[in-house]
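See the structures that follow.
Look at the two complexes coming up: subunit A is in both, with subunit B in one and subunit C in the other.
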Partner chain A sequence: MTDRLLVVENLRTTFRTVSGVIPAVGGVSFDLGANETLGIVGESGSGKTVLARTIMGLQPRTNIEVSGSVLLNGQQVVGASERVMREMWATQVAMVFQDPMTSLNPVMRIGRQIDETLRVRLGMDRRAARARAIELLNMVGIPSAEARYRAFPTELSGGMRQRVVIATALACSPKLLIADEPTTGLDVTIQSQILNLLDSLKQQLDMSVILITHDLGVVATRTSRIIVMYAGQIVEMGATRDIFHHHRMRYTRALLDSSPKVANPSHTRLAVIPGRPPNLSTLPPGCHFAPRCAFATEQCHRERPTLQAADSPGHVFACWNPLAASTNEGDSTR
Partner chain B sequence: MSDHRTPLLKVRDLTVTFGKGTRSVSAVAGVSFDVYEGETLGLVGESGCGKSTTGKALMKIVAPTSGSIELNGVDITHQRGRALRHARTHMQMIFQDPISSLNPRRRVRSIVAEPLDAWKTASGAERDRIVNDLLNKVGIDPEVYGNRYARQFSGGQCQRISIARSLAMRPQMLICDEVVSALDVSVQAQILNLLEDLKAEYGLTLLFIAHDLAVVKNISDRVAVMYLGKICEIGPSDTLYETPGHPYTQFLLGAALEADPDSVDAGTVLEGEPPSPHDPPSGCRFRTRCPFATERCAAEEPQLREVAVGHQVACHYPFAAA
Partner chain C sequence: MLKYMVRRLVMLVGIVFVISVGSFYLIHLLPGDPATVILGTGASPANRAILYKQLGLNKPIIEQYFIWIGNVLHGNLGTSFISQTSVASTIRTAFPIDLELIILSQVLAFAAAIPLAMRSARKPNGFLDRVLSAGSFTLLSIPPFIIIVLLVLFISIKLGVNNTGPSSFVPFTSDWVINLESLSLPAFTLAIASFVVYFRILRSDMIATLQEEFITMARSKGLSRRRIMWRHAFRPSSVALLGTAGVNIGGLLAGSFVVQYLLGIPGLGYTLIAGIASSDYLLVQGIVLVVSVGVVLINFFFDFIISLVDPRISRE
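The block that comes next holds the complex of A and B.
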């Protein structure tokens, strides 16, 4: 994996608002190989969606400052004009958003919405576009695609709408698909269907996927690497197995411990992270997680930790008082 | 095990039908269950299965079409007016969206005191004492936050305030409708633990409605699984999760995503989507998606039958308990 599809370096997205400057993404660096699935997890407000939108070049241009570098297939996204981005959207990178209903135009037949990209981007004529759209609808598993081509979004269920959104995103065979909470709000059985679909499409079309979610269950079996974000920064990054079984950062551990598990007997007491994620406009000087961390030392409150390497290659974490290297899921220092 | 206890809430053949004639939808199509004093009954199912409508019908927020609801041995199905309002002091409901559950322009103290004011149960210093006590119990400092407006709080804090308000009349029972699904995992854990603590302290009985299987298992003593307006399985939570008897329960559990990279995908993804409740399938409602369905499933509707103590399954061919 020498050729990196996406290289993000020291990316910062800062909002200027009436209530102060908000560093929504505060210096994030990572890369992504071809045909790789990367998971980004974090709670609301951790900056994962802003990060995705910045990589897409979708941020508004006023009251916002983006610095750093996003190289997508060798092309710089930061500072690119909308005209340049339009060339890249759909053909290089596409995004699937959380709410399929707001991603689709409610008064436009779904076939037309898929056609649009094909005709504008690839210059297909109406007939070719229609044929390709039906092919895409078949590919994402929509039954009787020919008939559904003329359906309106309101005539479809939530799961079917998300399939249409995926078909639209894939219309011009992007190299990178960013899926932002693609299954939040869908039922568990539909959620598995959509995640399995994304997985098989990734293989079939040889693309890379960034899967953004707050749900650790979504990324556990479907990613090769995971980024854990907190307060706009990467606090831990590594191979999926390392993140789940050999995590070093205290926040990663707390996040894993606080989610209820089907395997545990009922009434298992949940480990709670006290407090709430910090206000980004008034971040503490030290580690952002320190005020909520049971293991914070004086240094944690004073000095911000930087990412340091763990034992396995590619595994990094930012913590002054990390968990022991051999820490496994069962054992705990609590 | 639970048979010796007295049911606090007794629901029999509850149906809720919206609309009339050919356009009618049976959101709840004959549901019976008991909730025993001091227990937590979880109610799970996919969207559209009728679990929220069941909760609302119990509170009489939507009118039950037929069937009966007994609270404390009193039939409240046809109660109206003051009698109904009085019954509701014993049974309170907390909703999914904590922010829209509270009036953004009112102060926390007055929101929590509203039930006391409405029933004139306490006033003056006594009222303040009760409100302070409730806010302290849910982890909101009344000195600091009591006079703030509801709009100044986050989702997790609003849910705490909703819980404090629901406890003001010292109800026996709380109906929690997806109370943690809008919250972040760290806040979700806080609220789940809070509910467990309050349940122990106030001796509450909970009906916990949610779609998240892990959350439901964590908080419930018993769990009922709903599909298309009917209960297809009900039993003690540990037993039901370990040895599900109904194929639907098994698919649902198979689809639940475990936060473990080594968890093997069972490979049993349920195909398709639930059929429309406008026109439910004949016989067993799950048969159109069930790989084990036979002719009998189409012809004859399976009734809930006991497969183990306290564990009932509505299936002609339930999985044998391991």
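The block that comes next holds the complex of A and C.
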């Protein structure tokens, strides 16, 4: 296990709120190798973002309980103090936030927001930091970086801002980059640009990436493995190829069916998953997806399925009544 | 930015013009002949003639305004018929006292409010926050004229600290030590009211800012808490604080008349009250003009500072 950059074991993140205890992440285990890209997909509220922030140790520290283990490059994150985490942030693990409209400081020039990391964390002097910041801006594809260095975030478009966020995250060459829905707030045309940029930077800088999204199309060609999350738990995990072509979990099928495909004829109705994601504070005793699943049996409602191995190595799923191993070839990448 | 400032400047000139018309018309708004208003019913014909000539009262009102504004622009606000002194020189001696009181009280208020609000906002509803919020609310509910009386009672009388009681004021230029001593209690009293307002505004804005995603992002860069508080959160949180400070300081210009009157400090507020009491209308007119223009200028200045602090404001 020493070659694994990230090892997550039985990770639970529980929020204590006035309306009850919410297990936002309910016992998640996975690992990630160096220079690997992992996709985490799931509906809104499936615990993706909380999982990402827990891995980073970036959750607020009040009314929250984290148990289990997150080993990041050998360092335990769960229970680590802010002081310890501060040493890891930016240099070991960095995050690209979801909404570039809110994740940049609106009253600080973008150059300074990048500089700052370099100066504080790497001890660069003003001049070296500035040169490096401009280099980073160039690297993420911002035209006339020298001039943009002095721009305020409000003077840039959403796509440009997300590039700045990426440049900031990359400033101290982290080993792991967590991109939390990095393209959700952006135009479709900009989305693929940003994703391609992340992809090429990953190759260039030799880092691992966790790409979080609700859009399977995003992770299809850019990840080596995919985790499908539902109600704070992993319901299926495997190589990208297996998830797309040999998925066993009915929820995964439903997710795939609900994403639009170019091959569809015009005016095709998109499949929707009926019902809503469950209320995490009152989870049913059986499979969490059972209430929305057309194929749920009596056992599904009564007993919670655990992850079991599928045919391919590393491919696991949690379902009592899975799809047959070879008949689910239908959907593919867009 | 430049366009924004030019636009504000044009507005400023317009507002000052309206103020000048208002202050000018003040005398004419009062019932009766302006000369009678200014000099009283028992004025001698000779004095009336002097006044008529001084103010051009027999000319059309538009022309009167231009004569008056011409004089004002030359620093001539007329001569008080009550005290026989130039209104401008009276204001020139009174105004620095208000300025000094404002500077002293505001430095105290900010020096206390900013660090305490930052501390409080770090843990909303924590122990320190509760104590400070309750304490500031208590202070808010005690009016300044009670505070100053209590301060004089305990510090000047019970403790017998020299030069802090009523009528101990001397101008800064004659003895600055006694001057500062004599202004310490009123400055402190004024600072309390400002402190409470500044503390509460900055605290709530800081709490809101600290929830922002860019603060989480700053944390994820591995910056120290101190740096996040001061470099990332303070600046975007200080816009409302600065706007309020502008209004508040404008209000203190002649608005501190209660403490001035109670301690016999001859600032603008005191002079204004005295002028009203003795029906010294030219003096009142002069002070109203100076104070109004001062308020406008102070707010203009703070608007400028705000546009520097938050560049989003001057764009569109």
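Here is the rule we go by: the second predicted complex is superposed on the first by the 323 of 334 C-alpha atoms of A that agree within 3 Å, B and C clash if a C-alpha of one lies under 4 Å from a C-alpha of the other, contacts with A are read in each partner's own complex, and residues count from 1 in each chain.
Rule of thumb we're sticking to: contacts are C-beta pairs under 8 Å (C-beta built on N, C-alpha and C of every residue); 3 or more make two chains touch, one makes a residue touch a chain.
Model, not experiment: these values are computed from the prediction.
J.: In the superposition on subunit A, see if there is space for subunit B and subunit C together, and answer fit or clash.
T.: Verdict on subunit A: subunit B and subunit C fit.
J.: A:228 in the overlay: touching subunit B, subunit C, both, or neither? Say first, second, both or neither.
T.: A:228 sits against neither subunit B nor subunit C.
J.: After superposition on the shared chain, which partner residues are touched by A:120: those of subunit B (first), subunit C (second), both, or neither?
T.: second
J.: I'd like to know which partner A:296 touches here: subunit B for first, subunit C for second, both or neither.
T.: neither
J.: On the A-aligned overlay, A:266 touches which partner chain: subunit B = first, subunit C = second, or both, or neither?
T.: first
J.: Kindly classify A:220 by the partners it touches after superposition: subunit B alone (first), subunit C alone (second), both, or neither?
T.: Once the two structures are laid over each other on A, A:220 reaches subunit B alone.
J.: Which partner chains sit in contact with A:107 here, subunit B, subunit C, both or neither? Use first/second/both/neither.
T.: second
J.: In this superposed model, does subunit C or subunit B come into contact with more residues of subunit A?
T.: In the superposed model, B touches more residues of subunit A.
J.: For A:86, is the partner it touches subunit B (first), subunit C (second), both, or none of the two (neither)?
T.: second
J.: On the A-aligned overlay, A:32 touches which partner chain: subunit B = first, subunit C = second, or both, or neither?
T.: After superposition on chain A, A:32 lies in contact with neither partner.
J.: In the superposed model, how near does subunit B get to subunit C, counting Cα atoms only, in Å?
T.: 11
J.: Report, in rising order, the residues of subunit A that make contact with subunit B in one complex and with subunit C in the other.
T.: none
J.: Residue numbers of subunit A touching subunit B in their complex, please.
T.: Per the touch definition, subunit A meets subunit B at residues 43-44, 157-160, 187-193, 195-196, 214-218, 220-221, 240-241, 244-245, 254-256, 258-274, 276-277, 329.
J.: Which bits of subunit A are touching subunit C when the two form their complex?
T.: Of all residues in subunit A, those touching subunit C are 56, 58, 82, 85-91, 94-95, 97-99, 102-108, 116-117, 120-121, 152, 154-155, 165, 168-169, 171-172.
J.: Quick check on the complex: what are the subunit C residues that touch subunit A?
T.: 212-214, 216-225, 227, 231-232, 235-236, 309-312, 315
J.: Can you check the complex and tell me which residues of subunit B touch subunit A?
T.: 46-47, 154, 156, 184-190, 192-193, 196, 211-215, 217-221, 237-238, 241, 251-253, 255-263, 265, 269-271, 273
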